[in-house]
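Several structures are given next for inspection.
Okay, so subunit A shows up in both of these, paired with subunit B first and subunit C after.
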Partner chain A sequence: MSTPMENSVDLLPEGPEIPHVTASRRHRREWVQTAKAAWALRRTKIGVGLFLVILAIALFGPLIAPYGPTEFVGKPYRMPSATAWLGTDNLGRDVLTRVLNGGRTVFSLSLTATAVGMAMGILLGMFAGYSRRSVDDFTMRALDIVMAFPHIVFVLLIVAALGPRPWLIALAVAIGHAPRVARVARGATLEIVGRDFILASEMLGTAKWRIMVTELFPNITSPMFVEFGLRLAYSIGTIAALSFLGFGLQPPAADWGLMINENRIGVAVQPYSVFVPVVMIALLTIAVSLIADGLARAIIGIDRRTGTE
Partner chain B sequence: MPLAKHILWRVILGFITLFFASVLIFMMTNLLPGDPARAILGPRATPEKLAILREELGLDRPVAVRYAAWLGDISHGDLGTSLAGMQQPVTKVIGRRLYNSFLLVVLAAFVSVPLSMGIGAYTALKRDTKLDATATIATLTLSALPEFVIGIVLILLLSTQVLHILPPISRLDPFAPYLGQLDLFILPVMTLTLAVLPYIVRLLRASTIEVLESEYISMARLKGLPEPLVMRRHSLPNAVVPAIQGTAMQLAWLAGGIVVVEYLFAYPGIGSALVDAVSNRDYPVIQALSLILAATYVFLNLAADILTILITPRLRTGMR
Partner chain C sequence: MSDVVLSVKGLRVELEASGADIDDEVEFTIHSGEVLGLVGESASGKTTAATALLVHQRRGAVVAGGEVVIKGRDILSLSPVELRKVRGGLASYVPQDPSMSLNPALRIGTQLREILEVHGFGASDAERAERIREMMAEVLLPGDRQFLRRYPHQLSGGQQQRVAVAMAFACRPSLIILDEPTTGLDVTTQAHVLRTVKDLARTYGVAALYVTHDLAVVANLADRIAVMYAGRLVEVGPRDALFRGAHHPYTRRLLASVPDLAGKYALRGIPGRAPLPGKRPPGCSFADRCDYTEPRCIEAFPPYEGPEEHRVRCWRWEEIARLSLQNDFVPRRACDASRGATGPVVSAKGVRAFYGTTEALHGVDLEVRPGCCVALVGESGSGKTTLARAIAGIHPGKVEGEIRLGDHELKRDARHRPKADRQAIQYIFQSPYGSLNPRRSIGQILEPPLRTFFDLSRSEKEDRMVEALEMVTLDGSLLGVYPDQLSGGERQRVAIARALVAKPTVLICDEVTSSLDVSVQASIVELLVKLIDETGVAMIFVTHHLPLVRTLAQEVTVMNVGEIVETGTVDAVLADPQAEYTRNLLADTPDVDRTPF
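Presenting the complex of A and B:
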C-alpha cells in the first residue's frame, strides 16, 4: 500500500545559522525534536502504551502461562472454566496458555522482516537517488519487477518454491518491502542531493559512499522512521495472514495467526480461541499505526514551525 | 503527439515489467531447490517413477527451452495441465474461478468507491466536528487492520456469535444462478470494502477540504447557489480528480486482497485457488495464477497513472 508521506519530506533546517555542525549532530537534534513533538500527541502515547502492553504479554507470557503450550488440559472446544480461563482449543489445549506463548514469533518474525526490508530498501533507494540518471532508472525499473506482484502473491511464490519455513517467510516479506521502501528513500534522497552541504562534500573530494553514510542517510532518517512504522504494521498483518493460510509457523507451534486458522471451524462453539488472538493482532497493528501516524504528524508540524516549504 | 507517446511508453514499460515478472515466476517455480517431481510423488517415490515424471513434465530439457515453450503455450491460451487431482487443463481449473473473482472484485469496487467517497466528502464538510473526529479515528484504526482480521470479526459479529444473519462460508453453487445466492457475496464484499475504504475516505476528505477553501467555491456561494448544488456541481467533481489515482491503487490492491479473503470465506475464486495450489505444489496453476494476478496488478496501477496524466491539466500540457 502506498504511504501518504512520500513527498512531505523537508526536514533540514538548513542555512547559515548553524555553521560547522556535522550533519549527524544537526540531525540528532532534529530527531529528538521530532520524537518530542510526536510524544505530545495523544495518539502516540496511546500507541506506545498499547505496544508495550502487547510486547510485555509476548515476552513474559510464556513465563506466567498456567500450562505448557502443547499440553492437553481437557476436551476440545470447551468454554471458559476455572481450570482453563479462556477455554480449550481444537485439540483440547489451554487457549490462555497458547495466547501467552503465541506472541514471540509474531514479534520476532515481523521485526526481522521489517528491519531487513528497510535496510535493503534504504540502501537501494539512496543508491538509485544518488546515482547517474541511467543507473537510477535501471535500478528502479528492476525493482518494478518485484512490485509487479501484490505483496502476498510474491511471498506465496517464494513459499511455493522453497516450502513454508519461518525464516523464509520473514525474508520473503522483507524482499517484498524493499522496492516500496526504496521508492520512499529515493524520493527523500533526491530532495537532498542538490543541497549545498552535499555539493560541498563532493567538492572536498569525499568518497560517494562516505557522503551516503555520513551526509545523506542522517538526513532521511525521520521519514524512514515513519516508513518503518507503516512497514511494521504491514509485516505483522502479512505474517499473521501467512500463518493463517497455513504457510507460516507449523503446528504444534503456538502462534496467534496459526491459532486463528486452527480454531476457526469451532468459532460457533468456542469463540475465544479465535477472538483473543484476533484481538491481539488487531491491537498490535493499531498500536504500531498510531505511533507511525504520530511521527508523521510531528514531522509535518516541524516543517511548519521552521517555515520550510 | 508527445502525450500519446508518453502513454504508449508507459504501456510498453508495463509489458516489459510483466515479461520479466513472468521470467521471475518461471525461475522461482523451476530453478529453486526442491524437485517438483519429488514434491508431487512424495518422499517414498522410486527413482524410476521420478525419472518418468520428470520426463513427462519436460524437466529434462534446458530451462530456457522450457521457458520459451511455456510462454509460447500461454500466448495460445494454453496454461498447461494441473498436477493435482484429475490433472485437468489449468484453463479448465481456473476458468470459472477467474469469473467468480472478477465478480467479487467488481462488486467490491462498486460498493466501496462511492461509499468511501461519500463518507470522505461528508466528513470534509463537517470538518472539526465530533463526527469528523470520530470518523478520522475510525478510519485510522480500520486502515491498520489486516483484511483477514476484519473478515473474522465480521464472521463473529454477523454469522456466529452475535447475530446469525449471514452465512460464514461463501461456497457458491456453480450450477445455480448467482442472483439467488447473493447472500453469499455479502461478507466477502463487505470485508474487501472495509479494507479499501479508509484510504479512499482520507484521500477524499483531504481533497474536498482543499476544494472547499478555493476561491471558486466562495464565488459559487456568494452567487447565492444553494449549498447542495455547490457540493454537487462544484466541489465533488473537483475533489474526486486528485483522489482517482489513489483509488485506482486501492482497487489494484484488491488483486492481492482476494487471496486471503477468498480463503477465509472458502469463496471459489483464483485467490483461494492460489492458496490450494501452493499447498499442493501444483506448479502450473501457481504459474498461471501469479501471472494473472501480476498482470491485473500492473495494469490497474498503469491505468491509475494514465488516468492521472489525462485528467491533470498541468501534466497533460506540461509533457515535453
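Presenting the complex of A and C:
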C-alpha cells in the first residue's frame, strides 16, 4: 500500500466529533513502553529474577552471614561441613560468609562505571551525530583512538599508573565504555536528526542544546536502555577481572573476584571456594544479558506470538 | 464476455493471533483480457486480498476460508510444490516497489532467464533467449545483450518496473496481479507503464487485477472496478457505471474526494475513519460515516445485491442509485478576484540553489500575494521543494539571488533571520509521521512556537493552542495526547495547527497531502481553502499532483529540472498550457471524469 499504514494503537474517529481522550502517562516515556513489552518475554522475567536474587545476596548477605568475613573458622581448604556450609578458604575463613560479603563492590563499582560511561557516551554521541560533518568526524576519530586499546588493557594502564583506588577503577572502566556507547548513541541520533520535526525546531530558531535535550534524547532512550544492559554485563566482567588481578579491593577484604584469585591454587582440594564466586559473577552477567536481550527484542519486536511487528 | 479466469468466493483472511478479519466475504470474477481495478484506502485490506489469491500472506495473517479458482484449479487446496508452479506460471504478481523486488546482485537478463527456466518455458536456451527479446520488446525496452547485462540499479524506476512487468508476463500467465505498481513513479513514467499493462492484457487475453488507492488510475485502465472498504467489497461494477452512478454511498463519497483537472466541484472529504480489523461492527462498517444510515444498517452487514454485473452491498442501494450524484458534489467557489491587489508578500528573484557544487535551481522567480495560493508543480527532481525550502530558509546548501518578505530581503538561513521573519513564514512538511516528534504530546508540540514568538502566560498559551486546534477542526482536549494516538489526517491537522499558532503571513505547504488517503486529502484541502478565506494568509502549495492545484490555488508555477516552465493563473494554465512540458504533463496525468448525471 502506498499510503503509510496507520500504526496507531488507539483508534479515534476523525473530524470534530472527537471524544475526550485523556493523556496517558505510558506515552510520556518511550522506555516505559519498551520495558513493558520486554517484561512480556520469559527471558526478561528470568533475568530480572536472577538479578534481584543476586542483588539481595550482595545487599543483605553481610547481615545473615554466620561469621565475620575475616574470622578464621577452621583449617584451610576444608570441604563443606556443618559449621562451614561451603567449606573454608585458603586461610581457613568461611567461604559462605565471604561470598555473602563479597558482592557489594562488584555491584556498586560496575553500576557506577556503567552509569558514568553511558552519560559520557550519550553526550558525545549525540553531540557528534547532531553536529555532523567536521565536528562529527573529529569526535569520532578521537574516540576511535581510545577504542584502539582493548577495554581491559586500557583500564589496567590507568589503574597500574595511578593506583588501585575504587573511584579510579570506576572512572577508568567508564572511560573505556564511553566511545562504544558514543557509537551507538551517534547511530541512533543520525536516524532521528534527519526527521522533519528536528528541522521544524531549527526553523523556529530553537537552541541546539535544547533540541538535543527535548527533541532528540527522548527518541533514543530505547537503544540506550539496551546498551546500558550490555555495558553493565561487560562492567561486571571487567571489574571482577580487575579484582582477580589484584587491582580491586585489597586483602583481607571479601570480594568475588579476589576470592577466585586467592583460592585458585587449592581448586582441586576445595573447589567451592573458587566455583561459588565464579558462579555468582556468571549468573549476574547472564541475568543482565538476559534483561538486555529482552529489551532489544522488545524494541525490534521479535516477539512473534502476539502477531505484532 | 469471454471465459472466466479467476473466480473468488467468500474469501476470508484473518489475523492468526486474534482471529480478527482483515478481509471477509470477498467475491469477484475476472474474465480473460479484462482488467479489474481493486480500489481501497490504506488499511482496507486490498493488498492482503490480492496476495491471498496466490496464497501468500504477510506474517501473522492466514487465509481462513473461501475459494479461489484460477482456470479451474482450486488454488487454496494445492500443495506447496504445486503452488510454486502456479506462482509465476499460471498467475504472476507485480509488487509495488521494483527496486525491492528485483535482486540487486543479479543482471536483469539472468533474472528474466531464471523465471523461464524455473517454469520450464521454452525447449532450449536459444528459444528462451528469443522469448526474453520478445518480452523486452513487449514492455518497450531494448532487448540487446548490453541492456540485459545491466544490474537493476543501472535502470530508472520506470525501467525497473517495466522489467518487473516483463517478468510477470514471461510465462504467458492467465492471471496477473499488479499491486500499485506505479506508486513511486512520475506521472509520465506511470502513463507508460499503465499503457504497457493494458496492451499486454488485451493482446494476450490475460486477466489482470490492478490494486490501487488511486481512483484516477483505474478510471483510465480498468474495465471493471471493485471498491473495498474495511476488508469487504462494497461495490463491484463496470467502470463507467461506477463513475457515472455509483450505488454505494462510500463509492460516491470517495469519488467526491478525488481531485479532477476540470475542477468544477470542490473536494469533499469523508469525516471519520474506517474501522480496523478486530474493531469492525456487526453491521455495515461504513454506517457511522454514512449520510443514509438507518437502523438495519447497524444491525447487519448487507449481502451482495443488484444485478450480476454490478453488485453492491448496501441496504438502500436502489434508493441511492436513483439519487443524482449531484447530492454528493458541492460546486467549487470561484476565486476572490479582489485579492492580490497589493504587492507581493513574498517574492523570489533569480534564485539559484546548490547541493554541494551542483546547481539544483537555475535562477527562478516567484511572487506570492496576500490571500493568494500559488501552486508549485513539478515532477520529482524539478526543484519545487528546493525553492520552497530556500524561501523558508532551510535549504541545506548555498542559495543565491534575492528572496524578499514584504519590503525587506530575507537572510538565507532561517536561524539567522530576525524573530519577526521566522514567525511570518511557516512551513508544513510532507509527512506528519516525520514532522511530529513521537515522544512529545500535542501540547508540547504546539508550545515551542508560542514560547519563541510571543510572551504569554501559561493559560494564554493554552487558549491559543486550543484555538489553533479548533481552527483545524480538532478538539482542544487533544493537547495531552501523543501523535501515535492520532490518524494520519489528524496528525497533519496538528502540523497545520503548529504553523497557525505562530500567526504567519505566509504558509508553505510541501506536498502536505501526498502521504494521506484521498478522502483525508480532500478534508485537508477543504481545511486549507477555509484557512485562506478566513485568515487571508498567503500560501505556497508544493505538489506533484496537477488536479489538486485546481481545487486550491489561484496561480500556478510549473517547474522542471530546476527551471520555471510556465507560470500564470490556474484556469489559464490548465485550460490552455503554453509550454510543451505542461501539455505533456497534463496529458499523462490520470484524471477522473467527474461529470455527474
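Just so it is clear, the second predicted complex is superposed on the first by the 271 of 309 C-alpha atoms of A that agree within 3 Å, B and C clash if a C-alpha of one lies under 4 Å from a C-alpha of the other, contacts with A are read in each partner's own complex, and residues count from 1 in each chain.
We adopt the following convention: a contact is a pair of C-beta atoms (placed from the backbone, for glycine too) under 8 Å apart; a residue touches a chain by one contact, two chains touch by 3 or more.
In this text the structure is predicted, and so the values were computed from the model without any measurement.
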| item | value |
| --- | --- |
| Touched partner set for A:F244, first subunit B, second subunit C, both or neither | first |
| Touched partner set for A:N219, first subunit B, second subunit C, both or neither | second |
| First (subunit B), second (subunit C), both or neither touched by A:V274 | first |
| First (subunit B), second (subunit C), both or neither touched by A:V181 | neither |
| Which superposed partner A:L199 touches (first subunit B, second subunit C, both, neither) | second |
| Subunit C-contacting residues of subunit A that also contact subunit B | 1-2, 4 |
| Residues on subunit A engaged by subunit B in the complex (per definition of touch) | 1-2, 4, 43, 141, 144-146, 148-153, 156-163, 233, 236-238, 240-241, 244-247, 260, 264, 267-268, 271, 274-275, 278, 281-282, 285-286, 288-290, 293 |
| Touching residues (chain side subunit B, partner subunit A) in the complex | 13, 16-18, 20-21, 24-25, 28-29, 32-34, 140-141, 143-149, 152-153, 155-156, 160-161, 168, 199, 202, 246, 249-250, 252-253, 255-257, 259-260, 263-264, 274-275, 277-279, 281, 283, 286, 290, 293-294, 297-298 |
| Residues of subunit A defined as touching subunit C within the complex | 1-18, 20-23, 27-30, 195-197, 199-206, 214-215, 218-219, 304-309 |
| Touch list for subunit C against partner subunit A, complex | 15-18, 41-43, 46-47, 59-60, 96, 180, 183-184, 213, 271-273, 275-276, 279, 288, 392-394, 414-415, 417, 419, 422, 427, 429-431, 433-441, 445, 448-449, 452, 473-475, 477-482, 484-490, 498, 515-517, 520, 523 |
